[in-house]
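Two complexes come next, and they have one chain in common, chain A, joined by chain B in the first and chain C in the second.
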Partner chain A sequence: MNKYLAVFKINWENALVYRLNFSLWRVRSVLQLLLVYFIWFSVFQSQQRIFGYDQSSILTYILIAALVRAIVLSSRVMDVANVINEGSVANFFLKPISFIGYYFIRDLSDKLLNISFVIFELALILFLLKPSILIQKNLSILALFLLAVFLGLFLFFIISFIVGLMSFWVENSWGLFFLMYIFLETFGGGIFPIDILPSPYSQIFLIAPFPYLLYFPAKIYLGTLAVPELVKGFFILSFWIIVLYFLMVKLYRAGIRQYSAVGH
Partner chain B sequence: MVNQVIKVKNLRKYYKVHQKEPGLIGSIKSFFSRKYYDVKAVENVSFTIDEGELIGFIGPNGAGKTTTLKVLSGLLYPTSGDVSVLGYEPFKRQSEFQKQFSLVMGQKNQLWWDLPPWESFILNKEIYEIPEEQFKKTVEELSRMLEITDILKIQVRKLSLGQRMKAELVAALLHNPKVLFLDEPTIGLDVLAQKKMRDFIKEYNLKFNATIILTSHYMGDVRELCNRVIIIDKGQILYDGLLDDIVQKFAPYKVIKADLEKEVDEKKLSGVGEVKEYRDLQVIIHVPKDEASKKAAKLLGKFPVADLTIEDPPIEDIIRTVFSKGMDI
Partner chain C sequence: MKKFYKYLKVWWIYAVNTLQIQLVVRWAVALFLIAKLLRFGIFLFFIIILVSQTRVLAGYSLDQTILFFLSFNLVDILAQMLFREVYRFRQAIVSGTFDFYLMKPINVLFRSLLGGPDIIDFITLIPLIWAIVYFINSLDISSINLFIYIFLIIAGFIISMAFHILVLSLAVVTTEIDSAVLLYRDVSGMGRVPIDIYKEPIRGLLTFVIPVGIMMTFPTKSLLGLLSPLSILYAFLFSIVFLFTSLKVWHQAVLKYSSASS
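Presenting the complex of A and B:
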């Protein structure tokens, strides 16, 4: 067995110890989804079309965003911060294993667990509420959707790892997490599609990395993005991945240097 | 030819600490202009250690022991000086080097808290790329030596401190490290578990010809395990040599223990030396080192003595003298 496969496995075993915690957390995300779902549902009781969306496409958007959320947004950024703060990051400097690689694998492992649950939850919602949703059958759109999810996963890992690394310099980085989650919830697109905002605002937000985590893939699924928009979107997404990746590596090296000089 | 496994020359390690002034104004001020000062944790330390040696590294709190071990393990960069372990520069953190040593800190842990030790062992097996056969053999052997065979499948959080520390030690030794840094491996253990741990360390040292540096505040550990000790205080080495020699050299007094046949006046006994204890016809007297035989003779001549021994003071006392006299001795 490869060492990173072993990390993947032990992470699952560990998650299964916390069945209750895990279930409660899933319940929370289902409730959150239902809340957003019903808000949009009631908005459409009086109107046919709002901000260019009809009921079916907005409900599809919300459900797909929930699926993407389970894949893209799961992060051990808190762990990374704690491990740095309490000094057990030393384990990674003593052993032949990479700190970044280790947490990336643990993230992947979490994601796989999440996906299996969220598919079940979505199936249940579809069965019980029977919303009229859009089933995307265009294979090239589905392929682009998967590609966007995949890139989004990298992007979010990098963003959250950067926030975690801040603990090498800041003693209490709780405020930073908070800020990250605010940006995520507001501009990520999990609650509403970014393009319902008036044009100058939505155009500005679309330059930032956050909309590429949920909004962009969900929007691709709907199939309403024109080719130039798709090209622009993938360009900005890749741009952020590359830039932030180098920033992460630089910060990591600086963090080790800081740690090794100052101690923790 | 003996192989020098660890070489340390003129090692200095200063921690840069930024000064925090009290109060809000102070915080704001130090936010804009940080004042740094150096904590000189290790100050010009040199020593070499041969293959297979088991060294006691002792000194009071804050002496610089843990800092030195962290530099030797590659966790900290030296501020200046040369450090070589197994021919590697530790802070380069090469994996060939990492596969050959282990740092065990009594207060740090690597086992997964919610899983049995066994699962963490498997993870380490993969991380260190230990062959299946060797892994099985090592786990079996080490857990038998430490008597923890039956707890390997129990959640770590349910283990006692002693069981956990033993399991931690096994986890750290799975890859058969040639060099071992043990930072207070017996801290918090009861007398029995301490003994077990010591026996284990000794056995490991002999069996694998492992080079070991051990720090401890329990002189029992040092007395039983180490021939050679390095005494460090305020970042500087006060003594490096045989433990036996230190007793010869620095024991400030000898201890005379005598059983008396009948009750005598304690005041008269103090004519011999400093009476430390006098109870149930048994007396313990401290006398200057070079007058021990003279004083013993005096005691035998003047008092009804049934039995008498002359001993060295406990090692704790000797070490304390070394600490308190500092560099001048």
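Presenting the complex of A and C:
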């Protein structure tokens, strides 16, 4: 356990060494948030209600999605692709540390750092823009929200890791990562809530894993999901975690079986 | 003129070489292309479903809002296509490859800025220009406004080029570039929609400090006849001054360069 704590600590210290890089990364997140925030803000200048949302609920959705993004989507798992391509994955075969566990702990460390920043950023946005937002006080809803975020964090790690593991078979997995991020941006719910889409499309997208990374937790926070929708959502989320976890482990074992290291 | 042809020929060799490298992993190129088209299509779809409900976005109709988005993409894709080498420049600095750039009988800024054009992006430019022409035709635009639009698109492109030169200079001085170039992408991305949607002081910042408004919003505004002659003059002067400033900064950065590797 101590070795994983050491990984956590080293990663945290590493991030603080490259402070400029990290700060710019956070500035980028704020800019992305401002674009989406102002599009929606502008829409409600001429309408009271649109797609079943009022201004307060949509702005709350956008800000909560930004918070969830910082927790769920902050990840360094794409490094896995580089590590495999460069051959340094062989180091992990010699060390008494799990390859998957190492990257998961690194991710947790990154997330903690990102959370501390995003809270400050959101507080600044709330202070400067003074949007009317919904403060959720229902403890059961908040508990379900935290559970969804926690499960979403696992799901994203597993999806990213699977894409990274593709480097065992393909030379360049950046195309796959890029495509994954586009799917995330689109169907994750970071730009718009999935349920503003016409019903057949939104229902199809809600079967996929992506909406459970941002959309589902943010919707839980709003408190507008009925019990059957919550049960269905958590069921699909758990289903994807279990299925993709086994796929990840299987791919990892298959990858190291056929891996051959070259070098000095 | 002879020098121009020489550089055109060199650029063409760079482009062919880059394309050959990209085509080594063809399926990855196809994935990138699909992902880019998907990103473009989804944001367009988002604008359409949003503005078709509200009728206007910051006072602009759906067709006008789409034109803002298309114009943003025109400047953005042109810059992405031509200045792709900037994204690889850090590696040249930290590995010492930049020393070789300095030794060659080719302008070092030309090599660093235009040395790896992404011709694949050209594929996305064709339907984009067709769509812009389609919307311009549907909006009953005067020829003088069309002329000013093209002029301001060029000004926007010059500003984008100046930004990329500044990023290169930053890389020479600090060896850090990755976040800076991505930060530029996100700042300019705020121009996907007319900057009128932003509240002050953000709108003022995007017009006068970080010239996203000039690059992305001014061209379409001029097309719609919503830009004052003073703003057009300001855009022109700003792009020229910004370009010369970036060139000066680049020159200073190269003078301070000390080889990073052996």
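A few remarks follow.
One rule holds for everything that comes next: the second predicted complex is superposed on the first by the 258 of 264 C-alpha atoms of A that agree within 3 Å, B and C clash if a C-alpha of one lies under 4 Å from a C-alpha of the other, contacts with A are read in each partner's own complex, and residues count from 1 in each chain.
Assume a residue touches a chain if its C-beta (ideal position, glycine included) is under 8 Å from a C-beta of that chain, and two chains touch if they have at least 3 such contacts.
Computed from a predicted model, the values in this text were never measured in an experiment.
Residue contacts after overlaying the shared chain place A:120 against neither chain B nor chain C.
In the superposition on chain A, A:261 contacts chain B only, with no contact to chain C. In the superposition on chain A, contact is made by A:175 with chain C only, not with chain B.
Contacts of A:43 after superposition on the shared chain: chain C is touched, whereas chain B is not. Chain A has more of its residues touched by C than by the other of chain B and chain C. Look at A:235: by the touch rule set out above, it reaches neither chain B nor chain C.
By the document's definition of touching, of the two partners only chain B reaches A:93; chain C does not. In the superposed pair of complexes, A:6 makes contact with chain B only, with no contact to chain C. Of the two partner chains placed around the shared chain by superposition, chain C is the only one that A:186 touches, whereas chain B remains out of contact. In the three-chain superposition model, chain A touches chain B and chain C at no common residue. Taken together, the chain C residues at the contact with chain A in this complex read 24-25, 27-32, 34-35, 38-39, 42-43, 46, 49-50, 53-58, 176, 178-180, 182-183, 186-187, 189-190, 192-193, 197-199, 202.
Contact residues on chain A toward chain C in their complex (touch as defined above): 20-21, 24-25, 27-28, 31-32, 34-35, 38-39, 41-43, 45-47, 50-51, 129, 170-176, 178-179, 181-183, 185-186, 191-192, 196-197. Chain B makes touch with chain A in their complex at residues 15-17, 67, 70, 73-77, 91, 93, 95, 98-99, 102-103, 108-110, 112, 114-115, 119-120, 122-129, 155. Only residues 1-3, 5-7, 10, 13-14, 17-18, 87-88, 90-91, 93-97, 257, 259-263 of chain A touch chain B when the two sit together in their complex.
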